[in-house]
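Next up is a structure, given as C-alpha cells.
Each chain carries a letter (A, B, C, D, E, F, G and H) given by its place in the written order, and its residues are counted from 1.
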Amino acid sequence: MRQEVFMAGMGGQGVLLAGQLLAQAALEAGLELSWFPLYSPEVRGGRATCTLVIADGEVGSPVVGQPGSVILMDGIAVDNHLNRVRAGGLAVVNSSLAGDEIKRDDIDLVAIAATDVAVELGSEQATNMVLLGAYVQASGVVEAQAIEDALHRVLPERHHDYIPTNVAALQHGAQLAAEQLQ
Amino acid sequence: MPERQLITGNEAAAEGAIAGGCRYFFGYPITPQNKIPEYMSAHLPEIGGVYIQAESEVAAINMLYGAAATGAWAMTSSSSPGISLMQEGLSYMIGAELPCVLVNMVRGGPGLGNIAPAQSDYWLATRGAGHGDGRCLTFAPFSVQEIYDLIGQAFPIAQRYRNPVMILADAVLASMREPCVLRERLDPPEEKPAWAVGGRRRGRQRNIVNSLWTDPPVMEEVNLRIQQRYEEAAQNETRWTEHGADAPEILVCAYGISARICQTAIEHAAEAGIACRLIRPISLFPFPTEVIADWAQRVKKVLVVELSMGQFIEDVRLAVEGACPVEFFGRTGGVLVTPEEVAERIIEIA
Amino acid sequence: MFRVIIDQQCCKSCGLCVEFCPQSIIELSSDMNEAGHHPAVVISEQDCTGCQMCALMCPDVCIEIYRIKVEAEASA
Amino acid sequence: MNTLATTKTIQPIYTRPDSLTDVQMRYCPGCTHGIAHRLVAEVLDELDLKDRTIAIATVGCSVYAYEYFDTDAVQAAHGRGPAVATGIKRCQPDTIVFTYQGDGDLAAIGLAEVLHAAARAENFTVVFINNAVFGMTQGQMAPTTLMGQKTTTTPLGRSVEQGGYPLNICELLAQIPGVAYLARETMTSPKRVRHAKRSLKKAFQVQAAGLGFSLVELISSCPTWWHMKPLEALQWIEDVMVEQYPLKVFVDKLEQGEQAEKNL
Amino acid sequence: MPERQLITGNEAAAEGAIAGGCRYFFGYPITPQNKIPEYMSAHLPEIGGVYIQAESEVAAINMLYGAAATGAWAMTSSSSPGISLMQEGLSYMIGAELPCVLVNMVRGGPGLGNIAPAQSDYWLATRGAGHGDGRCLTFAPFSVQEIYDLIGQAFPIAQRYRNPVMILADAVLASMREPCVLRERLDPPEEKPAWAVGGRRRGRQRNIVNSLWTDPPVMEEVNLRIQQRYEEAAQNETRWTEHGADAPEILVCAYGISARICQTAIEHAAEAGIACRLIRPISLFPFPTEVIADWAQRVKKVLVVELSMGQFIEDVRLAVEGACPVEFFGRTGGVLVTPEEVAERIIEIA
Amino acid sequence: MNTLATTKTIQPIYTRPDSLTDVQMRYCPGCTHGIAHRLVAEVLDELDLKDRTIAIATVGCSVYAYEYFDTDAVQAAHGRGPAVATGIKRCQPDTIVFTYQGDGDLAAIGLAEVLHAAARAENFTVVFINNAVFGMTQGQMAPTTLMGQKTTTTPLGRSVEQGGYPLNICELLAQIPGVAYLARETMTSPKRVRHAKRSLKKAFQVQAAGLGFSLVELISSCPTWWHMKPLEALQWIEDVMVEQYPLKVFVDKLEQGEQAEKNL
Amino acid sequence: MFRVIIDQQCCKSCGLCVEFCPQSIIELSSDMNEAGHHPAVVISEQDCTGCQMCALMCPDVCIEIYRIKVEAEASA
Amino acid sequence: MRQEVFMAGMGGQGVLLAGQLLAQAALEAGLELSWFPLYSPEVRGGRATCTLVIADGEVGSPVVGQPGSVILMDGIAVDNHLNRVRAGGLAVVNSSLAGDEIKRDDIDLVAIAATDVAVELGSEQATNMVLLGAYVQASGVVEAQAIEDALHRVLPERHHDYIPTNVAALQHGAQLAAEQLQ
C-alpha cells in the first residue's frame, strides 16, 4: 500500500494541520509515512502546501509529481494542482471557494462546499476539517476515529476547546463525501 | 518516551544530538533550521547543558572552537549563508585538530537566495572548511530517522578523528515529519581527552590548542597527520546504501533528499522496463568511490541527480573515471525534482 | 468637510486607526477582503475633523485624507 | 430667482508618499515597520531626495524594503548594511544612502559594522528598528530583548545566565565622535510618530549637509512574536520598553551648528 | 615611468590594478599581502580614488559589494584566512551578479598556519565563493609581470561576466621581485553599467541590486543565467601555456609558482632523457580541460605538482578521465618544492 | 683572639614569576607587551590561579602568548578571543580564562565579539593591549590610531576622511551592564606599572568571584612602528596617547560590593 | 645589600632599566650577546637600593633582585 | 646564461639588501631575473634567506634546490646551506662568523673575514657589502660598478650617507676575493 495526498490552500486555511492530523493517524495505525510542507512566497496571505505519503512498507520519495490524491482548499489550489492528480486518483475540493468549473473525468472528484459547511457549524476555521473528513471517507486510508484521536495529540492543550467543532466538521465532511460517492 | 514519534528533521537533529551526548550548543538563528536552536534552548538547560545564542555565525563557530578545546561535546547548526561565515573558524578547528558537529540545512542560493530545499552546498561541505587542506567529514542523511541516528554517531566520530563532522541536509528534510524511534539519552564520556584544556590542577603537563606553525615542515606534518586521519576515516566511515536491480542498465547516484526521490524514480523506470540501481552515498567525505567505480564498469550509463548545478557529479565522475558516460539531472535554487521527472530522464538516456 | 479613503484591499484590520481616531468614526467592517482581513471603514465621515491621526498610525499606508471645500456662488 | 451654484474643491491633506511604491507591504497586521517606512518616505519627499537616494535593505522582516521604497536599492547581507553603505557612498558621494536595519541585523551580527561606520564618520543614515526580537526568523531572542522577556529561544524569559543583558545601541554610539545625529524614538501614538519623523528628517538633513553618520532608533512593535494585539503591543512599548530604551535625542550636530551660528 | 622596473608581486598587483582602471580599494591587512593595501593607501587618494581600511574582511567584501553595486571598479586583497571570511559576501556578489576583483596571496594552512607560500586554497578559489552554485572566475599568474598584466585584465572580465574574479597567487609571488614593464594607467569607463545604482536623477527606471528570490524557479533562472556566463567565460577566457617536448612521455600539470618550478624541472628531466610537456593553466576556472584531455591521450603518465595535499589534481583527473595514470607530487603547509625534487619524481614515475 | 663569623642570607625580592615559562619573548626591544605579560603572570601567581587558568592567545604580536604563559592555552582566530573564551568558560566554569588581545584584534575585527561577551556578562577577563597600531602586520592603522598619526596605511597621518576617528573601547564598554571591572592603565613608569598591576589583579579577582566580565586596557608602546626609541615611545604615550585615552577605573563591582558591605 | 642579576642573553638593550634606575647604576654593555644586543649591566651594585624600578620596567623579564644580608656573629 | 645565488644569514645582517642590489644591477644590465626572500621563524633574531636567479633568457624556477652559488653570512648559514651548492659552484662565506671548518673541495670557496673587515671600515653593518663585493668579483655576474650604481637606486635618500662606506666595503671584498682566487 502506498497512498499519496497533496494538500494546498491559502496560508491560514489549516492545510498543514490537516496534513499533520492525517500523518498522526497513520502513525498510530502503525504505518510508515512522510509528510512535508512547502510555503510559497506569494505576497498576499501566502500559500501553503504539504505532501503526505503513507505506506505499509518503505515510503520512498516524499516528493510526488503526480499524486494519487489531493485536497484542494480554494480556487488557486484547484487551478494549480488539479491537473497533477494521477488518472484514477482522488480529488477532494472545496467548492465554496473553487467555483464550479472543476473538470476531470478520469479521477474521483469529491466537491464539498466546505467553507459553507464550516460557517454553518459556527467556525470558518473548520473548513479544513470538513475537507479532511471527506478525504478520509473517500480514500479509506485511515479510520475516521483515528483522526479524532489525532486531534487530541496534535492540538496543543489550550486549543482542545475546538475539538468538538472539529469533530463535527470531520463527520459532516465524511457524510457529504459518502453521499457523493454513492 | 514512546517508541515511535512523529517529529521533524530539525527535532530529530536536536534530540538526536542530545541523545548522542551533546550538551553544548552555540548557534545563531537562520531559517530553515530555527527549530534546532529553539529545541536546544528549551531542553539543554534542563539537563545541565548550555545553550548560547551567539551574536553571529562567526562567533558561534569560535565558541564551538573554545568548547571543543575543553573536550566538550558541542555542536552548532545553521543554513547556507551561516555556514559560509563559519569557514574561517572551521579551518581553525581543523588546524587545531578539534572535533565538533555541525548541521547545514541547505537552502537555495547563492546570496540570500531563499529558504527552499537545495543541495548546492556540496562543495562547501566536502571541499570547504575554509582555507588550507582540511575538510569536514560529511554525512548526508535522507530521512528523519537517519538524521536522528547519524547525528548521534557524529559526536564519537568527530572525537575519534579530531575533526569537524558536518551533517548535510536541506529544507525538506528539516521540516519533514516522519516516524522516528528515539533512544535513551546517553551521557557524554566523563573522561576528557588528553589534549583538552581545562586548567592543569591534575598535575599534567600543560595543554596548548593551536593552529599556528610558523615552520613549514612542522605545519606540513600537521597536515599529514590530518590526512592520515582522513584515510582512516575512509577505511572506517565510508557509508552508502544500494537499491534496485542487480543487473542494472543505468546506475543512478544521488544523496540525501534526491536519493529519496530516486528510490521511487527507479521503481517508475523499472515499470518502464529499465533496470536501475541506485547508489546513495551516506558519507560524502569520505566518498564511496570504490563501489561506484565497480558498478560503473558494469552499466551502460551513470545518472547523477542532485539539487544543484553539478557539484556532487564531480565526485561521481572522479569515481567513474571515464568507465562509462555520466549524465546529469539537476535543478537548483530551491526547485525540487519529482520521481516522475527523474524517471523520464532515465528513460531518455537509457 | 473631509473625505477619508481607506484602501479596502490594503487594510489588514490591525485596528490602530480605529483606536486612534479621536472622533471614533472608524470601525472594522464585517466584510472580508481578498487577503481575508476585515478592512476598516469610516462610519460617519461628516464628523471627521481631518486630524490625520488615523493616517499617522496606519502601518499599511491605506488611508488618504482630502479636504472638500464646497463654496456657494451667487449666479445670475 | 437667484440660483446658488457650488464649486467643490478637493484638496489632498494626506496621501501616500511619492517615495513609496504601490507594492503592498508584507508586514503582519499592526506591525510598526510599516509606519517607519512611511515616515522615511515622507522625509525623502519633503527634502526632495528621492531621486538621489539609494535604500539598503538588510535581512529581517524588512528584507523586501527594496520593493517598497521607490528609489534605487541594494539588498545587503545580514548585518552588513553599514559596510555596503560605506562602499556605495564612498563611490557615489553625491547620493543619499540609508540602511534600514532590525535589531538582530544591527545589534547582533552587524554590531561591528555599524560602530565602525560611525567611527569612520561615514556620511549615511541608519534607520534602526528595535523590536526586541528576531521577527523574520520566528521570534528568537535579540540583543535588545528585555530581561525576562519570553522568546522562542528564551522560553523561560531572558536571563543573565543564558542571554545576558540588553544592548543599548544609542548609548554605545553616543560615545563615538563620528556620529552627527543620533536619536531614539517610537511610534506608539500620533505625537510620537510626529517626533519620530522629525528625527528622521534631521538625520537625512545631516547627511545632506555632509556632517557625518546619523542614526535614528525606532522602538517598534512585533505583535506577532510578542503574542499581543497591535494596540497592546504599542502599550507594552510605552509601559516597558521605553524604560530600558529611553526616548532621547543623543547627538544633533545640525542643531549644534545652528546654535553656533546663532551665537555669532 | 621607466619601462622596466624591479617590483614585487604585491606592488605589481596594486599598480596593475590601478593601471587597469581600479580606483577603489577596501581591505584589511594580512601578511603576506600587506604591501597591496599600503600601496593603495598611498596612491589611490593621489588620483582621486578611495582607500578604505575595513574593520575586517567580512566588512571589506561587503564594502566591495556596495562599491560594485554602483558600477565602480573596485577590489580587495587578502590571504587565506581573510578569504575564508569573505565567503558569504562572495556568494552575495555572485547572487546579485556583481563584478569585483580579489587577490588571494595564499599562505600555509589550515587555521592560522603560517605565512609561507602555499597553494592549498585551490578549492576555496575555484569551488568556494560560499554557499550556492556560484564560483569565482580564477586566474593564477606565475610571474610578477603576469600578476601585473592579469589583474589589469581582471576588471573588464569581471564586468563582462558580472562575477567576482580572483587572482590566486602565494607568498613567494607576493614578495618576489622581478622586472616588470609598466603601462600607462587607464581610467575606468565613465559610463556606468545599466544595472548600477546611483540615484535615478537621469530619469531611468530604478535599479535594484538583490540576491533574494523567494520563488525557486526565479532563483533557478538566476543560476542558469550565471551558469550561462560561466560557459561563455569558458569559451573566451580559458588560458594556459605549454612548455617543453612535442612528443612527451610525461605530461606535467602545474599552476602558479609550482609551474615556474616545473619549467626548470622538466629541463632537468630532459637532461636525464625524459621528455616532458608542461601544461600550466592560467585560468583555473574556467579550466583548460580540453588541452589536458588531449595530451592525456598521448602520454604515458600525467604528473600533477602543487603546493597542497591534492586539490588541483581533481580538476586534472576530471580532464584526464582515466586516459592514463595521474601521479601526484605535492608538499603543503608552506613547504616549497624544488625543481630538482620534481625532476626526481618525474624520473621515478617515468 | 675572637673571630667574627658572618652568615649571608640571600632573599629574593624580585624574581621571574612562576606563571611565565622560561621561553624568551619575541617582542621588539622596549615593547611593553612584555611588561603586560609579566604583570598578568604576577597576578596569577599572587592569586594562586595558575593551575586553573586557560590563556587565550589571539592574533597580533602576542600570538605566541601560549608559549609564554605557563598555563593551559588556546590560540584563537583573529578577533575571536572573546567567543573562544565564551565557549571555554561555559564548558569549564571553574577555570580562570583570559584573552590577551591587541587593538587590531579587539577593536577592529573583533569588536562585536568583545561587546557581546560583555553584554552576556561572560565571566572572563580581557587584557587589552592598545598600541594604536597593527604591530604584527607591519604598522598599519588600527581603530585606535590617533588623529594625524602616520602609519603604513595612513602615510599622510590619520584623517577623518580616510580613517575616521579613534575608537575608545573602555568608553563603549562602560555602557554595558554586564561589565564588572573596567579600567584603562599604562606602563610608562614604575608607578603606572604598579597601577596597571593593581587593575589586572582586580579584574582577575572579579572573575574569581564570578561577578562578570572584566577588561583592563593597557596603553602599550610599539617603538618599532611608531619609529621611536623605547623611552621616547613611553613619553609619547604620556604626552599624546593618554589625552585621547584617559587613564581611569570605569567600573569596579568588587569595590562597589565591598562598599555596599561596609555600608551595612 | 642587593644583588641585581640581569640575564645577559635575554636582554634586548632597550635601555628602560637604565633610564628608570634612580641610582643610575645600570648601563648598556659594549659586549654583544648572541642575539646581537648590548645587554644591560649593573655598574655599581653597592649603590643599589633594591627599589625594583629596573625590574618593573624591564619588558623582557631579564632582571632578578635579591637582598643579601650579611650578619656578623661572635664566635668563640 | 643562468646564474643562481642563494644568500643566508641572521636577520639584520642585510641579506635581503645584498640580494636586492645584485638584482637591481642585473636589471640595469638588461638581464632577466627573479629574486625572492624567505624568512624563517627562529626565536632569536630570526633568519633571512633570499634566492636570486639571473638569466639572459627566461628565468624559469625562482626556487632552486641546489644553487650554483651561495653567499653565507654566518655559521648557521654555512651549516645549513653549504652542502646544497652544486658541484663546480661557488660559495662566498663570512669566515668571521663561520669558523674555519668550512670544507668542500668540489666548489670554489671564497672565505672572507667580512665582519672584521667591516668593523675595520667603521661599520659592522657593511659586512654584507664586503661579501657582495667578493661575490661579484668571484662570479663576474655583473660589473662591480653596477652594484655601486644600484646602491643609489635601492637605498632610500636618507641613507645615502652610508654609500661611501658601502662602496669601500664592496671594493675591499672584491679585492680579497681576487687575492684568494689567484
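One rule holds in what follows: a contact is a pair of C-beta atoms (placed from the backbone, for glycine too) under 8 Å apart; a residue touches a chain by one contact, two chains touch by 3 or more.
Bear in mind the structure is a predicted one, so any value in this text is a computation, not a measurement.
With steps allowed only between chains in touch, the distance from subunit C over to subunit E comes to 2. With every chain reduced to the mean of its CA atoms, the largest distance from subunit H is reached by C.
Comparing chain pairs E-F and D-F by the number of C-beta pairs in contact, the larger count belongs to D-F. Between subunit C and subunit H, the centres computed from C-alpha atoms are 89 Å apart. Once the centre of each chain is set as its mean CA position, subunit F and subunit G turn out to be 26 Å apart. Distance from the subunit D centre to the subunit G centre is 62 Å, each centre being the mean of its Cα atoms.
Subunit C has its Cα centroid 56 Å from the Cα centroid of subunit B. Touching two or more other chains at once is no residue of subunit G. Shown for subunit F are the residues in touch with two or more other chains, namely 24, 63, 75, 77, 108-109, 111-112, 116, 120, 143, 163. Under the contact definition stated at the top, the residues of subunit H that touch 2 or more other chains are 41, 44.
Residues 24, 26, 50, 52, 54-56, 58-60, 62-70, 72, 74, 88-89, 92, 96, 197-201, 206-212 of subunit B touch subunit F in their complex. Only residues 4, 6, 114, 116, 143, 172, 175-179, 257, 260-265, 267, 336-341 of subunit B touch subunit A when the two sit together in their complex. Within the complex formed with subunit B, the subunit D residues making contact are 59, 63, 75, 77-79, 104, 108-109, 111, 134, 136-138, 140-141, 143, 152-155, 162-163. Those residues of subunit F lying in contact with subunit G across their complex are 2-17, 20, 24-25, 27-35, 37-38, 187, 189-190, 193-194, 223, 229-231, 234.
In the complex of the two chains, the subunit H residues touching subunit E come out as 20, 23-24, 27, 32-38, 41, 58-66.
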